[in-house]
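Here come two complexes built around chain A, the first alongside chain B, the second alongside chain C.
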Partner chain A sequence: MFDTFLLESVINGILLGGVLALLALGLNLIFGVIDVVWICYAELVMIGMYAIWWLHVYYGVPLPGAIVSAVMVVALMGVLLHRLVIEPVLGKPPINQLLVTGGVLFFLQAAATLAFGIEFRNLGLRMPVVEFGDMFFSFARLLAFGTALAGVLLLWLFLTRSYLGTAIRAISQDREIMPLMGVDPRRIYLITSAIGGGMAGVAASLLVLQYDVHPAIGLSFGPITFMICVMGGLGNMLGGFLAAFVFAQFISVGGYFFQIEWGYVIAFAFFIAMMFIRPKGLFSR
Partner chain B sequence: MSAAPMLEVRGVSAGYGTFRALFDVSLEVRAGEAVAVIGPNGAGKTTLLRVISKIIAPTAGDVVMEGTPLGPVPAHRVVELGIAHVPEHRRLFPRLTVEENLRMGAFHPAARAKFRERLDFVYELFPRMKERRNQAAGTMSGGEQQMCAIGRALMSGPKLLLMDEPSAGLAPVIVQQVFNLVKRIRAEGYTVLIVEQNIQQVLQVVDRAYLLEVGTIKQSGSSAELLASPEIRRAYLGL
Partner chain C sequence: MSLTATRRAILGGAGALPFATGAFAQQREIRIGVIYDYTGPFAAGGSLAAALGTKHAIELMNERGGVEGHRIHAIYADAQSRTEVAINEMTRLLEQERVDLIMGVFSSAHCVPMAQRVNQQRRFMWANVCVASSVFKDRNLEYVFRAQVHSDQFGEASCRFVHEVAEERLRKRPADVRIAIIYEDGPYGAGVAAGNEAMTRELGMRLVLKEGYAATAPDLSSLVTKLRRERPDVILHTGYNPDITLFLRQSRELGLRWRALIGHGAGYGQIDRLNQTFGRDANFIFNVDPVAAQLLNPASLAPGMGELTNEMVRRYRAETNAQEVPPHTSMGFNQTWIFLSDVLPRAIRNHGGFTPDALRQAALATDIPDGGTIQGYGVRFNPPGHPMAGQNSRSTPVVMQYVDAQTKIVWPRAIKTADPVIPLPPDHPYAAR
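On to the complex of A and B.
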């Protein structure tokens, strides 16, 4: 028997996977290149969501302008995060790096609470629903999926086709000889941080179309993003991309068979089981 | 008096932490010359090349390239002055393809403009690299990796090529090919400063050489003079 609702869940899972893939990609890029985990990554996304809400709802900036500004703000935050917080602890034990970026997480949460309060905020948009056969999909999700894939594709083209992108991949393989190539490693790290921040900003613009923003929203997708990266193999961008879709299916289809909360429980249980079976990630060789 | 040398190393001392690896080393390389620095393992040969390309800073002395003291030049701009360094153990980016490695060699703005032209030149010099251009560099044989490392250095359009033990770790037939290649590169008009432990063979392809032992220059002269030197024959050539 053909189950339209199951198919709808599978497709919704794919749509969710696109956004999760974009989220994971930014974090993976930073880890793969700079060898540091931005624990506060989801909080950068939260700041991006607030920036869009604030510019659009408060100041009446048209949505496209608000989104572009927010992406630039979060990219700049990525640069500042690297310059002020990461640079002093580069080469220090990983625990120090986790603690400082963890500190930034709480700082950003507290700053958002002070600035915007704990209320849930949204853009008050009424996004249409798209009907396809007997199935219904939210337009915001379709848009988010399309934009996320375009973002992933653009990043891939940049990393494989341009001089700067090639240098970003090269520096993770041999940092010491980069100056012999005429590359200033410090500049590459700052550019990479700007791109990682920019990806968080793009993710923010996709999420703010679907979800309310509040100071703790980072907690609702930060852990998932980390688990996706670990499952795909930290720093392995292709692995993270595929893992995002695996994870999204667990959440979406698991939520269809049980309840939505159970979808998350199943996804986390799968993650824990995988950590025993393949601790280096699903796609490790 | 002939014109000023292309590269001058003036009284350089350098080391790692409190350890001194070079003591007041001076040498020069003239345009069009091929010069070798020979000496045993641990003599400081690699350290000397690292000082020249500014991977490490000297504690005393300076390096001058065509009249420009390198002291105030940032490390990543040395290559723009025409110095390319083929590092010890080749140091290719193993997961980048051959062509991507070559692209990295042409990173600086002036080199990017000539990328196509120089890529054709490198592929003509090493047809093997053209065949393997989409292969991950780390999956090639040692000899092929050495070609790629030299090609990558040539992509920057250097005047002076620094080579750190290009024959190390290669099979004897391949070693001979590498030295033939050094001759070929000279014939193309590049100035070469090469570091080697393979003394007999390197002295066949260079004009002059310096003997470096425990961080100090012990002898220098033309290849013929060093080949005839009793100390070198006894200590290094086993004669």
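On to the complex of A and C.
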């Protein structure tokens, strides 16, 4: 007999994949171009969520305006992060780069606690219920899925059809030779950081529709986002995008057939197995 | 309410205490290490409200002259909602600050290892809020005591309530009532869920799903889908704050309906928060917890308890500007007051001071009858050798219901302040159709 609930779980897994793919997109771009992992990426998303809440709920800024402002704020934070924290350790051992961005993670968590307190904040919005046959889907997740698709398409067009995008790809392919050909890597890194930060801001604008924001929300998404990026091949944007959907299906369908915790166990076990079989990632070339 | 300012005030005050001079500094003092989660997800889940209750009880006792001529010197520590931090802070308080005892603790995940370690070191711990039965069960702890209710009782209370109202309200024989148990998978959630399951089976009700999840899980949609498939009449839920809001939000989006949702403390104890987030959708949620003291009729309690409750409420409102005083504040205040007003004076008078052994003997001699505390229950600790040695044998939770932003007691019948609204009215967004 046809199992409607199973189909619903599969579709909800695809929609969850959209959320995770959106998170992985910016992080992969940064690593692919600058070769640095922003451990604090999920905390930038958290700051973006707070910015939207603060502007919309506290100051009454209309939601679209609050979202655009938040994306710009997080993009600016990406630039500052690169200029103040990453640039001094570029070319240093990777562990130093990990530690400084890890330090920023704790700094942002503590700063958010001091600035916004420990309470759980939300926009108080009621999203419409999307019903199809006997199945139900989250409107916010549909929105996130559509945005993730649009985001990856726009990013691809930017990287392949614009001069700046071509320069970014060129730098990511050879960091040594491109400066000799007139490309200013410092400028490219700053632009990439702004785009990566902006992507975190876009993710924040969709997560704030689904989740309460609190200083520790990064803990819910940070580790999974990194695993997806590694599973897709760090720096491989299409790989990360696809890995997000693979990972989400394990969580959703695994959670449907077994205890919900087992969904995560299966996903993590698959990740570990993949690291043995394809250490450079599922979709590495 | 501004919990940020409050947290700063507590920690700032704690920092200033060691520099206190003058008459107080000359007085003999008892050093108490108070550990709560002032930051991280547990803080807004009830820990800060409980910490305020404890702080106010200590301040009130000092204002009344202290305990047997001793001023209470509290040293507050933030566990940051992380178990390893809680253990490190406990070690620091015991070994560097040389406190005489450890008090507080919101999360059962912290409480289980802390209690074990304190007991091994033969130091003294007074647990205020954590509820997991596993803190005590079959561990024969000698130096750890808890007047608070325990998780087996939570699990029992909700099931007995459903069993009692099944035929009259749900129009079903208890054996036909479909029960689902969902819980965060830490010691607290797992402990309550185990109590739920045991009592569901004992009362012959039908368990259709029992499932745990991580409190930090970013998605509960497959759990919601399974619940829709099983069509429970009653969902028994134990969780903290972010997971409860995620569950309620995803349930609404994914079309999950029920006839009653019964929470078990923690995030469900925060009525202000639930109302702020869900508005009227939070109407008619049940919550099992030790009763918030201000909901009890003072005439049913020992003399002086009503005034004590009023003082607790006054101080909490003055510090937070909140209208609703959550049950966690009563837990933090009540347990602290029981220790300071009953156990500690007896230790000093009858057992020569406040060493761990003196405190232990005084705790074992505690005999407060029902009605003798602001939360109504009495206190008598299970003796060594008992499967739950150190746990209060007279504590009891109640079942409350949130009706139009007010908290009503609906079970047990003897102290109820309103009839339960069950099943949900048909026009409620979560009502089963």
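The definition used in the following text is that the second predicted complex is superposed on the first by the 277 of 285 C-alpha atoms of A that agree within 3 Å, B and C clash if a C-alpha of one lies under 4 Å from a C-alpha of the other, contacts with A are read in each partner's own complex, and residues count from 1 in each chain.
Definition applied: a residue touches a chain if its C-beta (ideal position, glycine included) is under 8 Å from a C-beta of that chain, and two chains touch if they have at least 3 such contacts.
On a predicted model such as this, the values are computed, not experimentally measured, just so you know.
Is A:G124 contacted by the first partner chain B, the second partner chain C, both or neither?
A:G124 contacts chain C only, not chain B.
Once chain A of both complexes is superposed, is A:A194 in touch with chain B (first), chain C (second), both, or neither?
neither
Mind working out whether A:V79 is in touch with chain B, chain C, both or neither, as first, second, both or neither?
neither
Determine, under the contact definition given at the top, whether A:M181 touches first (chain B), second (chain C), both, or neither.
In the superposed model, A:M181 contacts chain B only, not chain C.
Have a look and say if chain B or chain C is in touch with more residues of chain A.
Of the two chains, more chain A residues are contacted by C.
Where on chain B is chain A touching in the complex?
Where chain B meets chain A, its residues are 53-55, 74-80, 84-85, 87, 91, 93-96, 100, 103-108, 111-112, 152, 156.
Looking at the complex, which residues from chain A come into contact with chain C?
The contact residues of chain A facing chain C are 5, 8-9, 12-13, 16, 113-114, 116-120, 122, 124, 126-127, 129-131, 136-140, 210-212, 214-217, 219-221, 224, 251-256, 259-261, 263-264.
Which residues of chain C touch chain A once you look at their complex with the stated criterion?
My answer: residues 2-4, 7, 38-41, 43-44, 48, 81, 185, 211-214, 216-223, 225-226, 228-229, 241-242, 245-246, 249-250, 252-255, 273, 276-277, 279.
Where on chain A does chain B make contact in their complex?
Of all residues in chain A, those touching chain B are 163, 166-167, 169-170, 173-174, 176-185.
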